[in-house]
Amino acid sequence: GKPAAAGGGGDAPAAAGSMSLTVGYTAIGAAYSDLYVCEDQGVFTKNGLDVKLTLLNSSSQLLAALASNSVQIGAGVAATTAAGALGGVDLRYLALPISNFYVEMWGMGDITSPEQVKGKKIGLSSPGSLGDTAVDAWLKDQGWTDKDVQKTFLKSTPAEVTALQSGAVDVIVTQPPTGTTTRNFGAHKITDFTKYPAAANAYTATASWTQANGPAVEAFVKSEVECLSMLHKDKATAIDSIRKHSGTDDPELADAAYTFFEPLWAKDPKVEPTLLAAAFAQAAAEKGTDAPADVTTYIDNGPLQSLRADGYIDSLYKS
Amino acid sequence: MTTQVSQPASPVTGPLERAVNARKGKKLTTGRLGVIGLVVVLGAWQVTASAGWVDASFASSPVGAVKALAHMIGTGELWPPLLSTLESVAYGMIITVVVGIPLGLLIGRSNTLYGLTEPLVSIMYSVPFVVFLPIIIFWFGIGAEARLVIVVWSAIFPLLINVIAGARNVDMHYLQVAKVFCAPRLLTLRSVTFPATLPFVLTGVRQSVGRALVGAIVAELFMGNAGLGYVVQTETSAFKMDDAMAAIVVIAVLAIVLTRSVAWIERRFTFWSSSV
Amino acid sequence: MTTQVSQPASPVTGPLERAVNARKGKKLTTGRLGVIGLVVVLGAWQVTASAGWVDASFASSPVGAVKALAHMIGTGELWPPLLSTLESVAYGMIITVVVGIPLGLLIGRSNTLYGLTEPLVSIMYSVPFVVFLPIIIFWFGIGAEARLVIVVWSAIFPLLINVIAGARNVDMHYLQVAKVFCAPRLLTLRSVTFPATLPFVLTGVRQSVGRALVGAIVAELFMGNAGLGYVVQTETSAFKMDDAMAAIVVIAVLAIVLTRSVAWIERRFTFWSSSV
Amino acid sequence: MTPPHPKLRVRDVEIGHRSGRKGTYAHAVDGLSFDVAANEFIAVVGPSGCGKTTFLTAVAGLIPISGGTLELDDRRIDGPGRDRSLVFQQASLFPWRNVVQNIEFGLKAHGRLDAAGRARVAELVELVGLGGKGDKYPRELSGGMSQRVNLARALATDPELILLDEPFAALDAQTREVMQEELTRIWQADGVQAGKTAMFITHDVPEAVFLADRVLVLSRGPAHLVADIHIDLPRPRTPSMKRTPEFLAMSDRIVDLVMAQSQIGKQDQPGRRVTSDDHAGVAAG
Amino acid sequence: MTPPHPKLRVRDVEIGHRSGRKGTYAHAVDGLSFDVAANEFIAVVGPSGCGKTTFLTAVAGLIPISGGTLELDDRRIDGPGRDRSLVFQQASLFPWRNVVQNIEFGLKAHGRLDAAGRARVAELVELVGLGGKGDKYPRELSGGMSQRVNLARALATDPELILLDEPFAALDAQTREVMQEELTRIWQADGVQAGKTAMFITHDVPEAVFLADRVLVLSRGPAHLVADIHIDLPRPRTPSMKRTPEFLAMSDRIVDLVMAQSQIGKQDQPGRRVTSDDHAGVAAG
């Protein structure tokens, strides 16, 4: 079944009050474990939601899907979805479960430190992906520009790993646990980007849908919060879901992924205005327009606030 | 296509046996030869994988793929994605054939329509639909409908181009016969242009089937939650190349089965043709 | 293809003028009609965009795309990616044509070769090469060489399938003439099978050109750091739809120019043919 | 000699072909004029390549004339019509239809393929000697068999004006005789059908004389009229008439006319003898 | 009567066609036997569809025989050879080659397209009356012109055994006469060339008698030999011979034989009269 009417543009809400929705995410990997756990443990259902998870290949497709209401809530890199917001898609950011760049840089041979990467080829998945944005942040931090490295976009993780191994690129930037696999081919970790704060994995919906579907938004945020707590508290369940959804049935890899992500997952996934402002600024720079002075209009932290206020979040971490 | 006794390979040797075996022999042979061709390629692949010329963790290996496939069949994991993909392909092909063949004949036989549509067809065929994905998603969503659009988009242009070319190359004599008897346009299209174009139509359909499969897979790769393409995608990103390759093998088998069906139709409907 | 005075549209009206204008008239008309067709489509697109039936932030609009294009031309940003893409397409097409046509003729005229290769061709055509990207990268890297592999891979199968189908549908009478004069295999292939297959060959080449373009764009999308595909990709991800669409327009223009060249070759070489 | 309202009116007709890569224009028929009355049987003879087929194709409405007047029943011919049908020089059968289906095509095109139509087709299949071969496909037919199917296809629609382009060229004597007889019968409108007009191209002058009311001799290309010869042999004609002196004289005269027009063996090989005795011999052959 | 080492040896030859969707097998030639000596001119006549083309195609090596012996110079025919060439019943010209290029094809295939070859082709173009039309493409030719190109193409390779399948069917009297004369000249090995053997299919019995040393009459299909008639007219033959009583008698006899074989107008239409007087008439027609 097709989730929504076609051709409606950004302002066609689903039937008001509908509790069934499609959630789009843009990469396969342990980063979306909160969604996997919600689905596997029936958390969405428990909260009255009928959720379908859908993989989309890039954040620009996610924007189109949101705008056409075929996806109601999407998880994507904020810097990229912000470009859509600047382009006229009226978005609301609902939650931010990870606020760091959850990617690592792997290399082969004699490249061991980030400094050596200058002038080298970096393999990335696609423009606007998390890795791409992370590299931009890192370049800035190093005081370099994007002239100092050569970005090459390879679309898929296997392509990146292959390119690394065959020497077509010098380093690659990937999500765990891919890098761990790379180790088998003789690669080693050069750096990771978790030290850079960023609105990495933000949940977004259109303003019109958010307004028309308050209960669904609340239920989704509530589920999200609960699932994050499950990730923190119940490693076994988390690893089960990772193995089931991210295709990694190797328990060792799943464990590595969990170990990597566990500290990154927020307990209270509120959207930090400063991080979002940074994302907007980056998108605006890319687009050559002005960043909005106030990004808080794009944030809908309401449901989270009330969950926080009535002690629900805290209650999840007691016991 | 297969029964011409009057056309032995040159030089003619053993005419008698040839004449007797001609029909059945050739059919069997094509099938067998195809298997041989496949076995050779698979063998080469297995050897390169075993010898380490390619890394089996990237390229998988026939043995690995078959094992993974057997496992997928054993657990029954295979069927839902296979059915999902087949469904897209089937509906897509129905639309493609029903729309594409008459449209192509019409365009090919009318200089006006041909002139009007030619650049559009070129563009639609030559611009990868991947770049239109955001627009497709915007209009058709990400469900079965969008997948169908992608499959049809992918499949219809090879068919159109072939049918148009065929219709423009119809032997003038046939059209003159139709004209002299004042055959109505529709009858001419159905009973003259269409059969005269059949070799082109079938080549087009054959390619359409292939492209429909590609379209379905790519649609699943790009916005999937089901189908063989999705399986390839998830298994690949988890670096389980054997499983990914198993899905590819299934796609390949599908390709062969679908193409063979077209070849069967071809034999069935062009038995009157005089070549090969 | 274009000079048949003896085949006016039915019913025949104004025979005299028709006979006089037939040649020049038709050629001009095809060009003009194509422009009309394009203008209609662009107009419809602009109207839907202006009227807000589609969101211009996804679908861009002709005016926006043209503005962006003008800007790209003005700054000279357009040329490097255009040249890069054209280079891939050109080299790819040379290889495709030089390899594909003789190979297709050979396969099509030999039942053994046909049997051996048929399933392989089906598979290679029907399995999206995207799934083989890791292997391609492993063997050919991500540079010009790998792009060339992808372009050829993408372009050669439509050509092969068409040439094979054409060669298998060659009128028996022509082959009998070649046989009766004991024409050597090569001469038969070059002077009989090839010209007899020409309508199929040219349809194949036409599709090949389109697919080469697709291949080049996709190669750039998938492992690019240059070319029009890369531009589309980066502009799309920055949500600069006008710029992305400008690049697509350039691709479309390329498609038309390349296809027209093939059509020109077609007219030049099949003037002896009797239809349209 | 010419009725006031002829069936077919041909006046100064000029027909050309554009040919070659450069599209040079060449006349195949130039200044051809004659009339045909209703129910006449016209035979057309002329040297090979003179423009006979071109002219017949124009009468069928398949190609436009580039000058003059070409009227059927006082209306300009500007396309094919159901009142005409054409036996093509090249059989041009549809290879995807069997014998019966090929013969049925005209009726189908006219929307008249009812029980009576089918019966007529079955009858024609027998008539052209292909009884029992109705389900054969064109590639399984011999040259003469194809030509007979071509003939039957044109006769099936029961047209007012039958145009025949060398319909018997590939037939043996016996088959040819039977076909001639059948054609005459059909043309003479036996039974319910109305009388027909026939225009018949042949290279066999005695055949032309035997069948026709008038024999038109065309010049070497571009074709114009050289002679218009009334054949006043009584009808019904019997094969034995072919041995009468009048018949032979008539044939000889026409052969002479055609030979005088033929392009070959004249300017090209001026040394070759062309005696009237030779002509007579060929006329009988 | 039969030399110990004939040029062509035909013994109990059986040839069939597999046809239709089900691939049913039907004999087109069954139990055909005769010999041809070197330098003989053989004419083959027989009813339409009896199997003449099938047999000639087998001699050319294009289709296999399914029984019996078919030997050329004591070697089994198992494919085409440079020593033979065939004038096809359907002209089968290559539409992408012009007249000259079509005629050149055989020489090119034999790798003999040198200056002498080109000169021969140019000569043949003139000879078949297409001088000045060498650059026309097949679709621009009339039926008779195509047939002449077809003839010239076969003659160009100067084969030992020339197989001709109704080569003159679409030609007017004058052109036909010139072609007959040329064919005879070529067959008789004028100048440097060696003598040739010719096998000629025709429906024109007087033509067969005029040209041939022996006329073979084939039965209705599947074809076997009905009569093998030696023509002992002296050579060179002149067209005037066609009016001699011997010639006419010979022709009549052969026409009778063919008519007795013809399938049409016999069992199908039993009422039709077939008198010997009729035959004579047709024979002259």
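By letter and in written order, the chains are A, B, C, D and E; residue numbering begins at 1 in each of them.
Going forward, contacts are C-beta pairs under 8 Å (C-beta built on N, C-alpha and C of every residue); 3 or more make two chains touch, one makes a residue touch a chain.
Not measured: the values here are computed from a predicted model.
Centroid distances from chain E, each centroid being the mean of CA atoms, peak for A. Contact tally for A-C versus B-D: the pair with more C-beta pairs in contact is A-C. Here the CA centre of chain C is 48 Å from the CA centre of chain E.
The geometric centre of chain A is 82 Å away from that of chain D, both derived from CA atoms. Per-chain Cα centroids separate chain A from chain B by 38 Å.
Of all residues in chain A, those touching 2 or more other chains are 7, 9, 60, 63-64, 67, 156, 158, 161-162, 165, listed in ascending order. Taken residue by residue, chain D touches two or more other chains at 17, 19, 61-62, 80, 90, 137, 139, whereas all remaining positions touch fewer. Residue positions 6-7, 10, 54-55, 58, 134-135, 138-139, 172-173, 176, 179, 221, 236, 273-274 of chain C each touch two or more of the other chains.
Partner chain B is touched in their complex by these residues of chain C: 1, 4, 6-7, 9-10, 26, 29-34, 36-38, 40-41, 54-55, 58-59, 108, 111-112, 114-120, 122-123, 125-128, 130-131, 134-135, 138-139, 157-158, 161-162, 165-166, 168-173, 175-176, 179, 199-200, 202-203, 206-207, 209-211, 213-214, 217-218, 221, 229, 232, 236, 244, 248, 251-252, 254-256, 258-259, 263, 273-276. Contacts from chain B toward chain A in the complex involve residues 55, 57-58, 133-135, 137-146, 221-225, 230, 233-241.
Only residues 1-4, 6-7, 9, 22, 24, 27-29, 52-57, 60-61, 63-65, 67-71, 156-158, 161-162, 165, 178, 181, 184-185, 246-249 of chain A touch chain B when the two sit together in their complex.
Chain E meets chain D in the complex at residues 17, 19-20, 45-49, 52-53, 89-90, 126, 128-129, 131, 135-137, 140-145, 148, 165-166, 169-178, 181, 203-207, 210, 238-243, 255, 258-259, 262-265, 268-269, 272, 274, 277-285. Residue ranges on chain E touching chain C, taken from their complex, read 60-62, 80-82, 84-86, 88, 90, 92, 94-97, 105-106, 108-111, 137-139, 153, 157.
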